[in-house]
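Below: the structure, in C-alpha cells.
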Amino acid sequence: MKGHRMDWTIAALLAVAIVATVGAAGVPSWIRYLGQLSTSTALASVGVMILLRAGLLSFGQSLFYFVGGYAVALIARYGGVTDALALVMVAAIAAGLAAAIIGQLLAGYRGIFFSMLTLALSMVMFSVATKVRLFGGSDGLNIGLMSYLGYRPRGPDAQWASFVFCIWVWTALAIMTHAFLRSRFGALIPAVADNEIRIEYLGYSVRKVVWVAYGIAGMLAGAGGALAGLSARHVDPQFAYWTTAGDFIFVVLLSGQASVLSPALGAFFLEILRSYASALFPDQWQTAFGAMMLAIVLFLPAGLDRLIVLIWSAVRKIRALRPHTLERGRSS
Amino acid sequence: MKTKLRLWAASTAAMLVCLTSIHADPAVAEDKLKIGLVFFLSGPGAAYGSHARDGAKLIAEALNAAKVPAPYDKAGINGLRIEPVFVDEAGGAQKQLAEYRRLVESEKVDMVIGYNSSADCNAIAPVAEELQVLTDFFHCGNPQLFEDIVTAPEYSVRTAPTGTMDQVAAAKYLLEKMPAIKSVSGINQDYSWGQDSWTEFKAAMSALKPDIQYPAGLFTKLGTSDYGAEISALLSSPADALFSSFWGGDADAFALQASTRGLTEKSKFVLTMGTGIIDDLGEKTIVGSIFGARGPHGYFARKTPLADWFKAEYLKTYHRVPPFGAYAAAQGIFGIKAAYEKAAAGLAGKLKTEAVIAALKGLTFETASGFPITMANNNGHQAIQATAYGVYAGWDKAKNEAIVTDIKVYPAECVNPPNGVRAVDWIKSGFKGAKC
Amino acid sequence: MTDLLQCIGVQRRFGDFLAAKGIDLTVRHGEIVGIIGANGAGKTTLFNIISGYLKPTDGRIMFRGMDVTGLPPRFLVRQGIARSFQVPQLFGRSTARENMMIALSLLAERRPSILRRFSERGLIDQAERVLSAYGIGEHADAVVANIPQGVRKLLDIAMATCADPALVLLDEPTSGVSSDEKNQFVSGLIERFRKASTAVIFIEHDMDIVREHASRVIALYEGRIIADGAADVIFADEDVIRFITGAAGGASPQVKDRYASA
Amino acid sequence: MGTLSAIIVDAASFSAWLFLVAVGLTLIFGVLRLLNIAHGAFYSVGAYAAIYAIGASVALGWGTALQLAAALGAASVIGALIGLLVERCVLLRLYGHPEPLVLIATYALFLVLDDLTKMISGGRSLYAAQPRDNLGQIAIGGLQYPTYDIALIGVSLMVAAAAWYTLNRTRLGRCVTAVVFDSEISAAMGIHVGRIKTGTFIVGSVLGCIAGALTAPKIAVSPGIGVEVIVIAFAVVVVGGLGSIPGALLGAAIVGLARAVTAHLMPEVEVFAVYFAMVAVLAVRPHGLLAPVAARRI
C-alpha cells in the first residue's frame, strides 16, 4: 500500500495481455475463442463484482450485455461501420447511457428487490427482442468481419486478430476499472455496503454512488456484450436472458472479488468447465456442471482466488521451512 | 496482496500453457471418419433432439456393421468406420460456437451434422465456411440461412428442405380438404420458428385464396404448459381451421387441453409437426386433424426395403416407431455417405472435403422414408424433397398403431421454391414455376 | 451575534405517536448545550430532525438564518451540522485509518474524485494526524469491527467533525465508555470544540458530566422541552427533578397529563 | 360479455396454478430468507412422480380419486425426501453465507435435479391425463372447461387457507412466525430454529412437487418444464411481496389476469405481460404489494 510503487494488478494485467498476444498464434483457435468469450464474460462480471462490493446483486447485467451486443450488430449492419474499436466504444457508451437512465430508478432499491427488478427489466428486453424484426427476432443478427484501425484480416487471421483485440480491450477496461476502484470515489463503493448512513452524514449521496457504480457496471457489461458479439459474429436475444446474468454472478462467486483480474480467471474457468463437461458427458453435462458448481460453493465459498492465496501461502511456508531445515542439517 | 497478484499472472500463463497441451492430438487414423453430431439433448429441445440422436446412433452403428440395405449396404462411409461424437445443442449460440470449434480443432472431426435451432445454424454457418469444414445443418428450417446469412455456401449444406415446404403444402392440403374455408386462426411459439411458420402459412393461404380471414394469430412462449387462456380466446371466435407449428411438449400439452375443451370440434386442426403428437400421445391424439411431419416421414413413408428396415430396426431398438427427428438425422448421414461414395468412385480411403461437397451438389439420394432428396437449390447446397400431409383417423388397437388416412404426397418441385428464388417472393408470386 | 440554530414548533408524528410535540429551541454560536431526558423522551428524534434524517411533520428548522427544514443530512453536513451517533456508524470492514480517509476525502475535499487515488500519501498522513489528535493513532491499522467501543466512539466523532463544523450534535458520547474515563473523555472533546468555538449539543445521561460541561441544559420529557436554562437552574427545577433527575419513581399522574396533552 | 367471463375464468384458473407453483417458494423465502431456484426442479420432479404414480394406478385399475391420491402421495414423499436431503446436505452448510452464494447453490441443484429427471424418463414427453379426463367438463359462460381445472381453483384457495391458518392460528405457526421475526430471540426462547428451518424447507419442497403433480394431468411432462416455471414463480412472488402467503395469492391473481387479458385482447404482447407487470409493480411499490416494510433505525 505504499505511495508510488508499481501497481501489481496493472503489471499482472499487462503481463497476461502480453503473454496472450505473443502466445496467441500457438494456441488452437477453439481455446482462443474460449478466451474471447472469457474476456467478454469477465467484463460483465467485473461490473457485477463492483455492484456486489456495494452490496447489490444485479440479476440483470444481461440487459446491458444485450445492449452492447446489439449496438454492435445494428450499427455494423445498418450503419456500415466495421471498425471494431469504434463499435466497442459506441456499444459501451450506449450501454452506459442505458444504465444511467435505468440506474435513476434502481438507485433506491436494495437487497432482493434490486435483484428482482434488474431481472425483470432484462426479461422484458429479452421478450421484446424475440418479437422485433429489426433485431432479427429470436434468430438474432449476424455480424460481418471487422477491421482494426485499418487492418482488415481475413480467413484464419481474422479470428487471431479478434482474439488479440478482445484481450486488449479487456486489459484496457480492467486497468481503468482498477483505477476507478482505488480512486477516492471508488473507496465509497464498499462503504455503501458497510454503512449508508455514515456516507450520508459525511455529506455525500449514497444514491449517487450506487448510480455511478451501476452506470459503470452497465458500461462494462455493454463492452462485454460488444466483444461477445464481435467474437461470435452473432448476437441473439439469449444475451438478455436471465441465465446469462446468472453466469456473470456465478463467475464472480467462483473467482472471488479480490481484484479486477479475478473475474477473468473465473470466466475462463467457467468456459473450460462447460466445454469439458459437455465433451465428457454430452448427455449429463448439466449434472456434471451443476455438481461442480455445487462443490465449489460448498468447499470454496470464498472463490478461486482464495484457493490461489491458500496455495501461495502454502508455497511460502514450504519455502520458509527449507532454509530452516538446511541450517539444522549444517549444525548437526 | 502483491505476491498474490504476482502469482496471478504466473498461474494464468500456466493455465494457458496447460490447456494447449491438454487438447487431444491423436494421430489421424485413416480408416475412420469422425463425425460431430449436434442435437438437443437437454431442455425442451430434447423432446426432438433425443430422437435425432437415437436415429443417428442407430444408423452409424448399422452402417459400421454393414447391416443397412441397399443402396447403403457398403460398410461405414466408403468403408471408413464412422466414429460419432455427440454434443448437446442446448445452451445458446455462443456455447455452440465454442463447441463447434472444439469439435473441429480438438476432436478433429471430419465433418459436423446437426443443429436444429435456426439461431444456431445462422451463427455457425459463417464459421463453418471460415474453418472449411463440411457442415450439414440437418434440420433447421429457415430459408434465410442460404438466402441472407451465407449466400454463397461452400462448406455448409442442408440435407433437409426448408420450412417453406411445410407451410405451402399445409395450405394446399387444407384447401383441398375444405374448399369453402373462410377463416384460419393460428397459435405458434413465440420465436422465429413459430413466427416464420405463421407468416409463411398466411402468405401461402392468401396466395391460394385471397379472401381468407385470419381472426386470431396467437403466440405463446416456448415451454408454456397451460393454454387455458389461448384456448378460450380461440373458442370464443372460432375459425374454420387452426394452424399450429407447435412441437415437443408444447404441442402435446396444447393438443391434450384443446381436445378436452372441444376446440377440435369447432376448428379443423392443421399441425405441421403433428406426427410428433401422435408419437407421444398415441390414441389420445385428436381424430380428424391434419398432420404433417416436416417431410414425408413416419406414417407417410413409402414402402422400400430401406424404409422398412429403418422402421423395424428403430422399433426393435427403441420400442417405438421412428419419430421424424430420427428420419432427419438418418437422411443427414445418408446424404453424406451417398456423396462420399460417389466422389470416391470405387477407390477406398479418405477424401478431401471439397471433393465430397462437389459430389453432393445436385445429388439425389435415397432416404429412410422412401422419398429421395435432391440437393437442388442454392448451388446444390439446399435439399428439396417431396412432402405429405394426412388425417389422423383413429387408433388401430389390434396393431397398436395410428391410422392415418387421406395421405397426399406433394412432389418436391411443387412445394419448394425453384433454384434461385427467395421463398417469400415465390409464395407471393403465386408459386411461379411450381410443378405439381 | 445571530442565532446559529433555531427550531420553531417542531413536531414529528409516527403513526399515532407524537415523538416531538412542538419544540422551540435556539442555539447560539459556540454554545455548549446538554440535553437530558429519560429514554423515549425524544432526544434522538430531535437530533434526527435537526440533522435532516427525519423530516418534521410540522415546524421549521433554521440554520444560520436559512430555512433548512426537510433537507437531507448530506446537505446539512455541508452547511456545517455534524453529528455523532449513539451506536457509532462506521465502515466496519475497513481499518480506522481508511474510515478516517473516507471521511476526509468526503468532508475536507468536498467531492470524492474519480481521478485521484484513494491511498495517496497526503490523505494517509492527514488521516493519521487526525487520529493522533484524538489519541487513537495506535488503532489506525485495526479493522473497525474489532476495536474497543470507546475508540469507536471517538472515531465516530472524529469522522463527523473533521471538517470544522459550526454545530456538532453528540448523541450520548459516553455510552460504552468506562465510567472512570468518562469525564476525561468529555472534557477532551469539549475543550477541542470550545477552542474552535464550535457549538455543541450533546445528549447525556450522566448528570455530573452535564453539570460540569454544559453552559446550558435542555430537559426533554415526552417530546417537549420542560426546562431550558443554565445548568444549576435546571437541576433545581421541580419538574426536572420529578421526571428526570429525581428518584426512580417517575412522574405523578397529574403532571404527566399536563405535559402529555399538548 | 362472453369474452369477459372467459377472461375471468381463464385468469382464475391460471392464477390458481400460479399460486400453487409460487406458494412453496414464498414460504421458503419467508422463513429461510432464501430464493430457491431449485423450486423449478422440484416442480418437474413432482410432475414426473405423478406421471408414474398415475400410470401405475391406472394399470391397477384404480379410480380417479385413488389415481390423484397416488400422484399426490408419490410427489409428497419424493418432495419430502429431496427437501430433507437438500437442506441437510447443502443448505445447512451455507446458512450465514452471502445471499448470492446460496442462490447459486440452489441454481446448481436446479441443474442437477432437472438433468436427473431427464435421465430417469429418457427425455421423452410423458402424459397421464386420465384423472382430468375422468372428471369431465363444465360449461361456464358458454365455454367448456375441464372440471379438473376449475377444481384446481378450489384446491389452491384451500392451500392458501391452510397455510394462512397454520401460520396464524396454530402454535407451530407462531413458532415459525417468531423465527421469521427474529431467529436469535426465538432460539433464546427455546424454539428449535434449526428444526423449524428444516421443516419449512421440506414443506416448501413438498408444495413444489405437489404443484408439479397437480399440473401433470394437464400437460405433457417433458424435459425443461422447470425453467419457465421458476421465472414465472419469481414474478408472482415478487409482485405479491416476498415471503407473504396472501401476497403470493394477490401476485398470482395479478399475473394471471395480465396473461388472460393479453391472450384475449392483445396477443402480441402476451409474452412480456408477466415481466411488465413485475416491473410496473416494483416501480411503484419497491417491496411488492403485501410485504411488510421493515423500518430502518439509527
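By letter and in written order, the chains are A, B, C and D; residue numbering begins at 1 in each of them.
Note that a contact is a pair of C-beta atoms (placed from the backbone, for glycine too) under 8 Å apart; a residue touches a chain by one contact, two chains touch by 3 or more.
Source: prediction; values computed, not measured.
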item: Path length in steps (a step moves to a chain that is touched) from subunit B to subunit D; value: 1
item: Which of A-C and A-B has more C-beta pairs touching across its chains; value: A-B
item: Distance-maximising chain from subunit A - centres being C-alpha averages; value: C
item: Chain nearest the overall Cα centroid; value: A
item: Between subunit D and subunit C, distance of the C-alpha-averaged centres to the nearest whole Å; value: 50
item: Whole-Å gap between the CA centroids of subunit A and subunit C; value: 44
item: Centroid distance [mean C-alpha coordinates] between subunit B and subunit A, Å; value: 36
item: Subunit A-subunit D separation of Cα centroids, rounded to whole Å; value: 34
item: Junction residues of subunit A, two or more chains touched; value: 1, 130-131, 197, 283, 286
item: For subunit C, residues contacting two or more additional chains; value: 53, 85, 89
item: Of all residues in subunit D, the ones touching two or more other chains; value: 114-115, 268, 271, 298
item: Subunit B partner contacts - residues on subunit A that touch it in the complex; value: 1, 8-9, 11-12, 15-16, 19-20, 23, 26-31, 33-34, 37, 130-131, 137-140, 142, 155-156, 158-159, 228, 232-234, 236, 238, 241, 258-259, 261, 264-265, 268, 271-272, 274-275, 278-279, 282-283, 285-286, 305, 308-309, 311-312, 316
item: Contacting residues of subunit D [partner subunit A, same complex]; value: 35, 90, 93-94, 97, 99-101, 103-105, 107-112, 114-116, 119, 231, 234-235, 238, 242, 268, 271-272, 275-276, 278-279, 282-283, 286-288, 298
item: Contact set on subunit D toward subunit B in their complex; value: 2-3, 6-7, 9-11, 13-14, 17, 114-115, 118, 122-127, 129, 132-133, 137, 143-146, 149, 215, 218-225, 227-229, 259-260, 263-264, 267-268, 270-271
item: Touching residues on subunit A, where the partner in the complex is subunit C; value: 1, 3, 180, 182-188, 190-191, 194-195, 197-205
item: Partner subunit A, residues of subunit B touching it in the complex; value: 1-9, 11-13, 15-17, 19-20, 23, 41-42, 86-88, 91-95, 97-99, 101-102, 104-107, 118-119, 122-123, 126-127, 130-131, 142, 144, 149, 190-192, 195
